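Chain naming follows the written order as A, B, C and D, and within any one chain the residues start at number 1.
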Amino acid sequence: MFPDVECSRLFARKGYKVALISRGPESLNKLAAELSQHGEAAGFPIQDYSPDSIRSAFVAIRTHFPSSSSPLRAALFNVGYGIWKPFLEITDEELHKSLDANVAAAFAFSREVITEFLKLGFEDPSEGGQGGSRKRGTLLFTGATAGVRGNVTTSAFAAGKHGLRGLVQSLAKEFGKQNIHTVIDGVILTDRTKIAFSDPDREANLDGRLDPDAIAKTYLGLVQQDSSALTWEIDLRPAHEKW
Amino acid sequence: MFPDVECSRLFARKGYKVALISRGPESLNKLAAELSQHGEAAGFPIQDYSPDSIRSAFVAIRTHFPSSSSPLRAALFNVGYGIWKPFLEITDEELHKSLDANVAAAFAFSREVITEFLKLGFEDPSEGGQGGSRKRGTLLFTGATAGVRGNVTTSAFAAGKHGLRGLVQSLAKEFGKQNIHTVIDGVILTDRTKIAFSDPDREANLDGRLDPDAIAKTYLGLVQQDSSALTWEIDLRPAHEKW
Amino acid sequence: MFPDVECSRLFARKGYKVALISRGPESLNKLAAELSQHGEAAGFPIQDYSPDSIRSAFVAIRTHFPSSSSPLRAALFNVGYGIWKPFLEITDEELHKSLDANVAAAFAFSREVITEFLKLGFEDPSEGGQGGSRKRGTLLFTGATAGVRGNVTTSAFAAGKHGLRGLVQSLAKEFGKQNIHTVIDGVILTDRTKIAFSDPDREANLDGRLDPDAIAKTYLGLVQQDSSALTWEIDLRPAHEKW
Amino acid sequence: MFPDVECSRLFARKGYKVALISRGPESLNKLAAELSQHGEAAGFPIQDYSPDSIRSAFVAIRTHFPSSSSPLRAALFNVGYGIWKPFLEITDEELHKSLDANVAAAFAFSREVITEFLKLGFEDPSEGGQGGSRKRGTLLFTGATAGVRGNVTTSAFAAGKHGLRGLVQSLAKEFGKQNIHTVIDGVILTDRTKIAFSDPDREANLDGRLDPDAIAKTYLGLVQQDSSALTWEIDLRPAHEKW
């Protein structure tokens, strides 16, 4: 799981063993140490978001958390490469970074996760998670407004986040039959959140910005959905947001 | 609350007092009696879904459940008039029934609910519900696939359910600022559910049809969303559904 | 054809006989007189947009323009009942006006037009119109932004225009097989146009407001589409519009 | 212009000088020779769709068709890398090919085209094209159903085509103010067309498959749109298509 901090905390408190993948080993180890107070957690630092790095992280995870005793049941892809610039100032390299981080890394991550899910039967109540929902597992992706609507400075970012959305919808349709639940939060305003936090009035208004705790709670709700009624895309926005 | 049966049960078990509005006093009273085993519940039969009937039901509700001791915090509009027929066979009267039940009744219901919500402050933890989410209340609507996509025999039904969706999105934007949460389940396959239940294989496949329990659980999750991260539209479909 | 003035002029100049339906006989007769300079045109005033009035207008049209010599090949529904008001100020009557004008009138109009189309074979080049496109006819509807997105004062209007869009999409799917082309301009900013014209700077900026001539030209292009590549929904907005 | 053959023919017949970019010099030269019978046309073969190759093609175009005498007014990006395979069989290399051809090549192409457009004033009637529409130019992209909806074997293709759509919508919003028209055909069924042509019944049914002539005609109509009413996305499907 790419660590959305609050989400990691909530899942750890709920009894999940948590494997964290990220660049930046220091913050990763700090978070793993904190989570270990609630249960089992470990960090798996990688150098970059290349498919090879992601594959190697999963090899390490399977060694540390063997499938037999620690079946994978929920995964979150929370990587994002955001870039807001006039189109003519964006370099080919910046576009590639957006496509690599937002799409290709998600593709490689999904391959590892889905391959694991397919090895499993449905989750059993004895596993301590969401047994009874007739799922092999849930694969969550953090989207962005730019994945649903392009805008004036989002040419490279919207290309990446739209690409992610196309990938996730395809996975939702391809693997639903095998009781694998794939979901993207289609309209989280991470792009605006950035702006929001430079505005002190908005910072102070709990209803004017997305609260990571509230997002984590919704993520948990999605993982708890039962195979008879799954959501593939969910919008989340502050009550006071204009949209 | 127009009684989606499972949803009523779940909310009653969670400690909500439940007011049921419906035509058909018998099934209504039966359900109210059942719910009363978990807590307070009462039925408010109406003759039709006209604005006047809906208004009078709310007058009766406020007498039975006074605002002071029983503030309204969650409401579900679950009325639906479904009609699947070739366009040229649909009468003007059938179209009007679709518009009246799917749109005009929702409009009148929303007016009563929102007027109540606006009299209230944010919910307090002492009320026994979702205090702490900084909401005045949550107003839920049951949508349909036909509210998102028209199809070959849905001209009158899609007109009604699209109309409902336009109404709900307008309410979500108009009243978000006042911490009123308005949400529609945009792609519940109620239209297909109908078909599903005439197919015994599908009936037997828990992952091939929408389970009312699972829908109710998701509704509760929406009511529990916090004002910092609200959803205005949610899709729900069985894992094995082709879409 | 409900007379969008510029559209009527363009079709008259292209050799179409034009039948105009509208309330307000004076402006109707004036337009019919003007169009008669280019070819055949006649006005058919009605008292209201009720299904009965629309039906009687078609009876009169068929008398004046008999199907045998004047087959119906293109029709435009351009009625709109716009209302922008805070939700709690909108009366049940205003909502009904929106549903009646935007949805029920369109339903009745479509019935008359499609019934006519189904009596015809494909258009022949000798008819002087778009022969060769393998169509029975084209049925155009004027939509609005409110048909695609609800907003803060659009609860009644968005309900009507969303309803229209659900109807049109259903018709497009149901009658495509019979080479009847149904299309709505999904995002014409008629709602904003209203605002635009009270702003003199915007009035002066040809690229900041929708020009009826330009819309008419696009309508003609849709009528000229061939059955192998039809559009069911088209967005139109000024180049300088922010969206 | 990446040569959609029929579109090239139509624009050549309308008096446009046509510059064709493509891999495969033989078919390119053959088409250029054919178009030269109608007016000026030249082929600019490239080795691959890398940004560098695209840039060098534009250098060659500007030498052959100098901006002063041959201002660029319309451009079509018609490259597509289609791939339909189960997700777990798609390699990282195939994904990259999809992102490179569908997104990165479009990005590089757009940069060259928009840079040219920005050097120009509005088109003048004396130029022989669409003078009078108050445009600097029109930039067209061929989309696909997979750019709007993912499906069971489209994970890599939908990622690429959704990415393209995010890019195009961003460009439409960023450069509309400068009277540059950017448009994508959002729902051309190129993916299904492939299937259609292996079905002889469908092959024979002119209304059951997209006709390149009909698409070209619609492209021309978009180029002719006036800055007061622009379309950014257009769906095109055969009348007999089920959707």
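FYI, contacts are C-beta pairs under 8 Å (C-beta built on N, C-alpha and C of every residue); 3 or more make two chains touch, one makes a residue touch a chain.
According to UniProt, the chain labels map to these proteins: A, B, C, D = Short-chain dehydrogenase/reductase SDR.
As the structure is a computational prediction, the values presented were derived from the model and not from experiment.
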{"item": "Length of the shortest touching-chain route, chain B through to chain D", "value": "2"}
{"item": "Centroid comparison with chain B (C-alpha atoms), farthest chain", "value": "D"}
{"item": "Rounded Å distance, chain A centre to chain D centre (Cα mean)", "value": "34"}
{"item": "Between chain C and chain A, distance of the C-alpha-averaged centres to the nearest whole Å", "value": "45"}
{"item": "Shared interface positions of chain A, touching two or more other chains", "value": "173"}
{"item": "Category of the chain touch graph - line, ring, star, complete, other", "value": "ring"}
{"item": "Chain pairs that touch, as defined at the top of this document", "value": "A-B, A-D, B-C, C-D"}
{"item": "Interfacial residue positions of chain A with respect to chain D in the complex", "value": "51, 86-88, 90, 92, 95-96, 99, 103-104, 107-108, 110-111, 114-115, 146-147, 149-156, 158-175"}
{"item": "In the complex, chain A residues that touch chain B", "value": "134-135, 173, 176-177, 179, 181, 206-207, 209-211, 213-215, 217-218, 221, 224-243"}
